[in-house]
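Take a look at the structures listed below.
Across the two complexes that follow, subunit A remains constant while its partner is subunit B and subsequently subunit C.
Moving on to the complex of A and B:
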């Protein structure tokens, strides 16, 4: 190229160059324009408009900045930019439901938003500034926002203990525990019970092969259209714990053959003495007498059964023990007698107390159970099975292992199958891509996966070994919530420090008391130092509350203090010695540190104080609206007719001063009484005594008991 | 207007400051022009004279030049990205989120870097094919061919080390698989993998090592060899251009 031609470019080339340059600039401009139109900027403007349309504009925009907002908590690994759009969450005046989202105020919670951020509870992607990215599952983020109805699951990630604010979560955890999910799965904080299901070592001595067949096929559970659980056709609040295993006819035949062959320790029939047989076997009212005794012993505190009254059939009774409506069609008569005499001989971990029976009572009650609690049609649908054949037994044993039965049921000589199912201790933080949906058409998210897996395991996995659980909708949600709470160990050490551990209370008494305590299974219903059941009063501070003499006589013949209760303390027919051991231990050991024994003596209380106390009780504080004295008063609190014999004066004084300090959560209100008033009311209550001698007390006890009997029958 | 501009430029050329920077006068003859090229750090590895046909599009399709321009673009966007990036776990992935959601034009910056890198790998390969089919590896270009192969490997390794830096699942598994393949090498495979990862797993150490390789070691090697490459193009007699007329190269 000659030098003079250099620098000369044709017009066409210039045009091409110009167009290319323009295109290049336009391409570069796309990104800044996109930056200008970001979603959060739109919501920022929206908030300003909203604030200007409201009377308290000035306060609403006091903290307003046109930039991104974020909550940054380094020690918790939280960078939440949610407040860039959700700008009104701390503005109390925006709590109204008319305020459009995302500007509405956050409902009141125990945590301060600025200290905790949003994603520790709500999950989702806190760093995101786009609606879809922040809330949903996207290509680069798999943990979506937790839907409101399962939000308690997020509480459970840190709060491993049961809190009153999270009823759904608590219920779910309780269901996971009571349905022995930990039998097969490793769960966070829910320990595997020693052996969750009944021991089957001798099940052949207890039930027939036909009954086993029926039970395996349909473990009492029938789900009706409304989703509520019916047992034997009657409504139940709790569903039976045994799930349905979808077994074929062949498997049922083999399994029932194997199980009915398990009778390594056959039961010798109990021999009633000829005197008892002579007296009772011919009497026409033996069944009625048995029923009366059954009621008097308050079997229904733990066991439920169907009662037909005025044409209406209802389940009554408690849920600690199994339901008994058709029990006589299930168990062998000899086994029943042996069981009632000593339940722990058959099942060492049984919750059933060992009653002190008189032979006549035992005879009457077993006759009643065999005559009334039975159903001749129960096994009519079971095919003729006959004696178990050898190959059936061998096949049945194989099925038993394949289905994971020995995860829950012990059989002597068969090792338990621990962790038979997958580990679920971090299920709540599983990503969708880690879940197996199979051919199902359910929405691809963790919640729908959990729910369809529980209701029908084969829906997501044809070969699932997991049995089927028939929960109603509310319980299914509760279980889902509890599973979502299982997010594994906290991601940071700071969060680890924030985790509230689950209390693991244990109460292991020793000595003579322990023997009696275990014989009557006190902790089934009562709490001791935070351990035990919820059915009956907490006895942790019983020694500070009740007088020893009263405890002793109550144990021998329990009379109710709260006439409106359905469930009563059973009549154990305790011996004097046993009652004395329990009373001594309770009054010496179960003491409150806040009540000083002997700090208030009855002798120091004058009749004048008592008279003033009566007036205060009836006029100033109106205690009778909840408590009964004589024939008048309310039924919310306990009956105080015998308060002078029952309660310790120092307890009454401390209780009146601050009930919640002694028993947190009690409904007794704190009334800010002066010390003089407290003394006066204590003096009055201490004068309330029923009878004096033992005979009078016994009479009262019998009355209480028969009232109680009517109470149950009337429920 | 034009004359004013020219006279202004002429005045500027007479200033002492201008003369201290550009020591020669205006390049009006071939001699002064070649002196200008020789005397300039950035131009001295360029040929003083090129044949017109070697500037035609079909002569090279500018594949090498575009690769170099992409390399420059990658350097600039890479330096900008370094302002926002921490080679640490788990901050590295959070920085990706910040680039996406908070940093102005962050998405553009990341995509520009990523796409330019992919394009560069593609163009470097095309460049190699082009040179190969033109017989550019034959004497006297053998040495420059070898330098080119080294540059190809450096480009690929730059691409590979950059892949881990976002610290997402794709990155993690790609590097896991890649280094496992490497460990299948006889005798030294396991040691090499350990050295590269700074451990037995793709973890914090691997991230740091890959980062240092990606932003310091490999770019320096690349610049060095690009310099040699360009220099040798000139020293070996310019592009290998197929002559339409006589069939000579």
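Moving on to the complex of A and C:
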């Protein structure tokens, strides 16, 4: 380079310098532009525009800040920036359905957004500031928000108890429990049942090898095209608990061989007395008589079966016991009689009550079951299997263990396998990358994974040992919701304190009462101190409600108090002594602390009060809209024709003052009655007596009830 | 020649940065109204049509099926309805031709205070001591959601939107 040119910048160099400078400025400018174009800022501006277009602009933008909004609750692990875009969430005037999202107000819920944030209920990524990252599964963020349909699953992470507000979640948990998912999987809060499926120690005495083969191959439950559960070809609400296993022909042969060889305690055939046989065996109407008895005993309260009425065949009956439409083609006739006589002798944990049979009834009912609840074609598709061979039995035993049958079915000397399936107690917080989808084409998210796994486990994992469950769409959603609620132990101690534990009510009576209570399996249908079924009235306060005499006679001959009920108390044919034991215990022990025995005496109620009470009942409060007296009135509440013999006056008074205090959730609303009105209505109801013959009426007269009163009223 | 190469080279980072800055936001998956609804109810006129319900409306549905269904529907979960037993016959709660004409306040009052307080049948009991004000609101929200023909909230004079103070249900 020449010296004169030193220090002189050529034109070209200047140009390069200018371009580089411009480039540098442009590069720097990208950052503010990028910042300006951020998604959430776009929504911020949109909100301002929306607010300005509305009459209450001032209030809508009172809290408006141009920067990122955030709800930060460190003790709950909540960092939610959702309100940066969802700005109208607490603005009541933006509740209108035509307000565009994301600005619409949140529908009313029990939790305040400011106190709880958004992600504890909706899941998703609270810290994300882009729409896709906040709501969906992306590469960097794993947890998508819960679709509204499964939102109750998030409630269940903290509310482990069964709240009335979350029916879907409660149903799901109930299904997880009744289908014994805890037999194979470790679940949050749901323990393994004492006897999940029937004990098979003696199953060879109950059913034939052909039936076992058929049952394992084609369970009677199927899902039809519309997704309804069909049992034996008829629609049913709940599927039977036994799932469908994908078994090969060889496995079917071996398993049926093994199971049918299990007959360590053979059934001794019951010998009907010659008198009964002579009287009934030749009668042409024995089957009809048996059916009548079967109906009268209300077996349908627990068991369903197909009936044909007016040309239409459908399934009726309850779901506590198994479906019976074809039961006679299933079980050995000798086993059936032995079972009806004493179910617990075969299955110690059976829910079936041990009825007090008369021999004639037992004969008639057995004949009815064998004649009508049968299907001669049931086993026609089963190949000839013959007597089980030794090697088949050994192979079958192996298959039994491999398939995890012992998780639900006990066999003497074969303990259940612990943790046969994967731990699901934190399934709800699993990330998509932790799930195995195999070759399936289902959407890559937790919900579709759970649902495919339940309905067809082989779709996501060819080698899955899990059987297939036939749930209808609603139940599948319920189970999914309950599984999504299982998110493992709460991540912070504050959340741990907030978590409402699952109650575990127990009712363990002792003594003579316990024997009768267990014999008739009262807790299948009735609740005692929070424990038991909910098919029938809660008996926790039965002693405060009903008169001992009435309980005693009801147990011996249950008449229905609610004529519209489908499920009714079975006729157990209890002995006098058993009824007395139950009545004594219920009336002495099952008392409400809010009802003082003897606080209101029938003797102190005057006919004038009763007359006023009748007026109040019929005119002012119009109780007849729900209750029946005489032949008129509604079907919602119990029939009150025999209230004077049934109810205790102090209960009636306490009940009228506040029904929910005695039985939470009862339909009867609380009225604002004065104490005088309560006494008057009580007096009227206590005059309502029915039946019981002359002795009862005489007794009523002695008790002073008929002192000028109208004795048997409401006719 | 050199200059052109330089310009071209420098255009590459500029383009990349610009593209990064102007990136279009990823569109969220198309929302399915029924999947995103907290609960659904069958349209009383058309069994194949489902009406999406919010949390509040779903609570109203629960309360309806616990307390109201016995007299305000033709079928109940426990068999035949009590409706045909009553004179006057109570309206079906999905009957928009009757209930769309009454205001939220009127419905709140008749549920809370009972029929006799408003000069209607005393067979409608007061629920104010049994249901909380939130429960009553939820029932009204549910009734509005399932009404057939559909319920239209009354518009306020001078505003196409509902004003504060009358917001009783999210369907408004």
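Here is the rule we use: the second predicted complex is superposed on the first by the 662 of 715 C-alpha atoms of A that agree within 3 Å, B and C clash if a C-alpha of one lies under 4 Å from a C-alpha of the other, contacts with A are read in each partner's own complex, and residues count from 1 in each chain.
Basically, a contact is a pair of C-beta atoms (placed from the backbone, for glycine too) under 8 Å apart; a residue touches a chain by one contact, two chains touch by 3 or more.
Predicted, not measured: the structure shown is a model, and the values here were computed from it.
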(message) For A:507, using the defined touch cut-off, is the partner it touches subunit B, subunit C, both, or neither? Pick first, second, both or neither.
(response) neither
(request) State whether A:20 touches subunit B only (first), subunit C only (second), both chains, or neither. (result) second
(request) With the two complexes superposed on chain A, say which partner A:92 touches: subunit B (first), subunit C (second), both, or neither. (result) second
(message) Quick one: is A:68 in contact with subunit B, with subunit C, with both, or with neither? Answer first, second, both or neither.
(response) first
(message) According to the stated criteria, A:531 is in contact with first (subunit B), second (subunit C), both, or neither; which is it?
(response) neither
(message) Just checking: does A:357 make contact with subunit B only, subunit C only, both, or neither of them? Give me first, second, both or neither.
(response) neither
(message) Let me test your reading of the model: by the given contact rule, A:215 touches which partner, first (subunit B), second (subunit C), both or neither?
(response) neither
(message) Between subunit C and subunit B, which one touches more residues of subunit A when both complexes sit on the common chain A?
(response) C
(message) On the A-aligned overlay, A:270 touches which partner chain: subunit B = first, subunit C = second, or both, or neither?
(response) neither
(message) A:622 in the overlay: touching subunit B, subunit C, both, or neither? Say first, second, both or neither.
(response) second
(message) Quick check on the output: what are the common subunit A residues between the subunit B footprint and the subunit C footprint?
(response) 30, 34, 130
(request) Over in the complex, which subunit A residues touch subunit B? Could you list them? (result) 1, 30-32, 34-35, 68, 77, 79, 81, 125, 127-130, 133, 140
(message) Could you list, by residue number, the parts of subunit C that touch subunit A in their complex?
(response) 3, 6-7, 10, 13-14, 17-18, 20-22, 25-29, 32, 34-39, 52, 54-57, 59, 62, 66-67, 70-71, 78-80, 82, 85-86, 116, 121-123, 125-127, 129-131, 134, 137-138, 153, 158-159, 161-164, 167, 170-172
(request) Spell out the residues on subunit A that touch subunit C in their complex, using ranges where they run on. (result) 12, 15-16, 19-20, 23, 26-27, 30, 33-34, 37, 39, 42, 54-56, 59, 92-93, 95-97, 105, 107-109, 130-132, 135-136, 147-149, 151-152, 164-165, 167-168, 564-566, 619-622, 625-626, 633-636, 658, 660, 665, 667, 669-672
(request) Give every residue of subunit B touching subunit A within the complex, in rising order. (result) 52, 90, 94, 97-98, 101-102, 104-105, 107-108, 168
